[in-house]
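Each of the next two complexes has chain A plus one other chain: chain B in the first, chain C in the second.
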Partner chain A sequence: MLTDVAVVTLGVLAVAAGAAVFVVDSMARATFALLASFLAAAGMLLALDLVYVAVVTALMMTIEMVVMAVFMIMFMMNPAGLMPMTMVHNVRGSVVVGAGVFAVLTTGIWTIDWPERDGRRPADATRQLGETIMGGHMLVMLVVGIALFATIISGTVLATHRGRYDRFGPELDGERPDDPVPGGLPR
Partner chain B sequence: MTLEIVLTVAAALIGVGLFGALSQQSIVMVMMGLELVVNGVLLAGGAAWYFLTPALPDAQMLIVVALVVMAVEMVMGFAATIAIYRARQVDMVDMAEDLNG
Partner chain C sequence: MTDSVTSSAAAWGVLPAVVVVALVAVALGALFVVVDRVAVTGVRGALGAPVVEAGRLLVQQRRVTPAPDRLLWRLASAAVLVLAMLSMAVVPVAGRTLWSTTADLVWFNAMEALMWAAVWLLGWGPNAVHSLVGGYRFLAQGLAYELPLMFALITAGLGAGTLRTTGVVAAQRELWFVVTMPAAFVVFLASAAAFAFWGPFSAPAGDDIAGGVVSELSGVERLLVEAGRAVFLGVSAAMAVALFLGGGAGPWLPDWSWQLLKTVLVMLVLVAAGRRVPTLRPDRYVEVGWMVLVPVTLVQALVVALLVLSGWYA
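Our next item is the complex of A and B:
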């Protein structure tokens, strides 16, 4: 009973905070509303006995949203929310799509004849996940590892303004770096 | 607590996220909408594991993949935002319409 109340409360909180992201004026507030939504979802995962995944979600999203807040304040013209601001296009179409998807999914959720629970819950969900990562589903982790490594490289490449290939040429054989403002001592 | 309740919350998160991703003009806000959609997937995966197939680890694996997708999406989104802002001072999707396709 207590779990029921907690799950419903957290669910309402998650959705309300998610909606608040697109309502509040300040970018910082929007970021922390998104964080609240993630933390509520992590709480729901906790109620589903997925302790490890819930903790990972909470920790990862906290860091991610703090980083995001920096970017939000960097890129937005109204970081502090001192003035009302809406920057939207095609609101009506978006509402129709969002509400339509929700309606279709909810209809399916409540009308489908869901199968009975298959098998018993393991004593420790974390052990189950760990054993499968190192066993049957190791390929997933290998692919994920490569994908994250590729992300690191491509993120750095995209975010770098001028790298060594811009300065020394494609073969890295330039005598002097080709800088907009030449530096160093006069020779 | 039933499967339907948790899945309904997930569906609501996906709906709200889709609305945000489609309606917001700022590139960073579009990414926040996408994150909400993946948040819904996370929750639906957890519900599927708990209520349907707790003996199989596949649904948990899906959650891990969704978490990775979130991280990759954030990194690549911000990298692309920085790149296009540096090149053209663009921070709104409407100013980058030549990228559609």
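Our next item is the complex of A and C:
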């Protein structure tokens, strides 16, 4: 009963905060409204006793939103962000897409044949979750992890406009790299 | 474990447990302030000065800036202290944590991540340039220590085979984790100082930007933020004791006194080291973080993983 109330309340809160993203007129407020929505979703997971998933959701989404706030405000045409802005573009199209996705998801959630729990709850659900995800697939997970990491590095390398010739000179014989930010290590 | 009830909320009832843990959190914060004052100004006035300052802030008239984002600013000022208190929920008090789950360490880390959001908002709220620069400095600095901190926390969980704080304490009955995880211990304490932008990591509130994130704070809000920083440092010292120094384990004295003794000792070490190192520039520290701390903490995790495989902690 208490769980039901908590889930419903937090669910309404999550939707309301999500809607607020498109109502407020500053980038900072939009970002943190979205964070509030994610935290409400994490709270729902917590109410369902999925502690690890809940806490990890809160952790990841917070870091993500903070990084997003920084980059969004940095790259905005109006970096002040406090001046009126809006997250809404192409209103008619987005309403159609939003309503469509909502309909599909709701239909799916209510019509799917969810499995019943067989067996008892484990004492340590976090450990069981880890073993289920990682157990038989450790090699796959490791390969995926390295592939993702390689993607991040390649993305950074492609995005940076300074190469080794800028840093060490045309003959690559500079003793110290010529960087705009000196850095903290003696090189 | 001999004591099966690991949650104080389950053992003492929710309300008494919450009150006790909140009071302990405030006491730890006060203790840190006193230790810090003693290190900086000596014993004279170490007790009185913080009380006088708190009283002054309570009655101080609030300063306002043109066109602030009031909602987010107020929210952030309260959040720093609230988050510091919430991270206390997974720190053992008298052998039990307020909230004992299978993901305590992740909870602690999540509260720290929310601190990022709170401090950046603190800088954003007043619509003032120095304040905003401070907020961005805090984030830039965070990019340097967040990963090493995560590896440090994971290392403790790895050695114990559980993410439950009381489980981590129980796993150190034979040998304190600091012996096999010295790098994780140091990184954990340094990151705690960085999250409270204190000592060498105080650049977000630096004098060169007129106080940065706290520059426009006044009155009760300033008191809340300063209290939050102190409580977070106190809580982190207690957490360091639980994760790396065997919690309340020790001969003769009862558990709680050993825990308190070790916590004060950690605070002394933190203050003695932190007050000697000059403020680090975030742009320099980022390079140290990624070139030195990330590899060091990764090697630390690898060593512990190998020790786990060899049955060292069993």
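Just so we're on the same page, the second predicted complex is superposed on the first by the 129 of 187 C-alpha atoms of A that agree within 3 Å, B and C clash if a C-alpha of one lies under 4 Å from a C-alpha of the other, contacts with A are read in each partner's own complex, and residues count from 1 in each chain.
Criterion: a residue touches a chain if its C-beta (ideal position, glycine included) is under 8 Å from a C-beta of that chain, and two chains touch if they have at least 3 such contacts.
Note that the coordinates shown come from a computational prediction; the quantities given were computed from them, not determined experimentally.
*Asks:* Does chain A have more residues touched by chain B or by chain C?
*Replies:* With both complexes superposed on chain A, more residues of chain A are touched by B.
*Asks:* What is the contact status of A:L59 with respect to chain B (first) and chain C (second): first, second, both, or neither?
*Replies:* Only chain C; A:L59 stays clear of chain B.
*Asks:* Would you check which partner chain A:A69 touches, where first means chain B only, second means chain C only, and both and neither mean what they say?
*Replies:* Touch status of A:A69: second partner only.
*Asks:* Applying the touch criterion given at the start, work out whether A:A125 contacts chain B, chain C, both or neither, answering first, second, both or neither.
*Replies:* both
*Asks:* After the superposition on A, what does A:I146 contact: first (chain B), second (chain C), both or neither?
*Replies:* Neither partner.
*Asks:* Examine A:V181 and indicate which partner it touches, taking first as chain B and second as chain C; both and neither are also allowed.
*Replies:* Once the two structures are laid over each other on A, A:V181 reaches chain C alone.
*Asks:* Using the superposition on chain A described above, determine whether A:L35 touches chain B (first), chain C (second), both, or neither.
*Replies:* After superposition on chain A, A:L35 lies in contact with chain C alone.
*Asks:* Of the two partner chains, chain B (first) and chain C (second), which one does A:M134 touch, if any: first, second, both, or neither?
*Replies:* neither
*Asks:* Between chain B (first) and chain C (second), which does A:S26 come into contact with in this model arrangement: first, second, both, or neither?
*Replies:* The answer is second: A:S26 touches chain C but not chain B.
*Asks:* Residues on chain A in contact with chain B in one complex and with chain C in the other?
*Replies:* 56, 67, 125
*Asks:* Applying the document's contact rule, which stretches of chain B touch chain A when the two form their complex?
*Replies:* My answer: residues 1, 3-9, 11-20, 22-29, 32-33, 35-36, 39, 42-43, 46-47, 49-58, 60-61, 63-65, 67-68, 70-72, 74-76, 78-83, 85-86, 91-92, 94.
*Asks:* Of all residues in chain C, which touch chain A in the complex?
*Replies:* The touching residues are 67, 69, 71-72, 101-103, 106-107, 109-110, 113-114, 116-117, 120-121, 124, 127, 136, 139, 146, 162-163, 280-281, 283-288, 291-292.
*Asks:* Once bound in the complex, which stretches of chain A touch chain C?
*Replies:* These residues of chain A touch chain C: 26, 28-29, 32, 35, 51-52, 55-56, 58-59, 62-63, 65-67, 69-70, 82, 124-127, 181-185.
*Asks:* If we count contacts the way the header does, which residues on chain A are in touch with chain B in the complex?
*Replies:* 3-4, 7-8, 11, 14-15, 18-19, 21-22, 27, 30-31, 34, 37-38, 41, 44-45, 47-50, 53, 56-57, 60-61, 64, 67-68, 71-72, 75-76, 87-91, 93-95, 97-99, 101-102, 105-106, 109-110, 114-115, 117-122, 125, 128-129, 131-133, 136-137, 140, 144, 147-148, 151-152, 154-156, 158-159, 161
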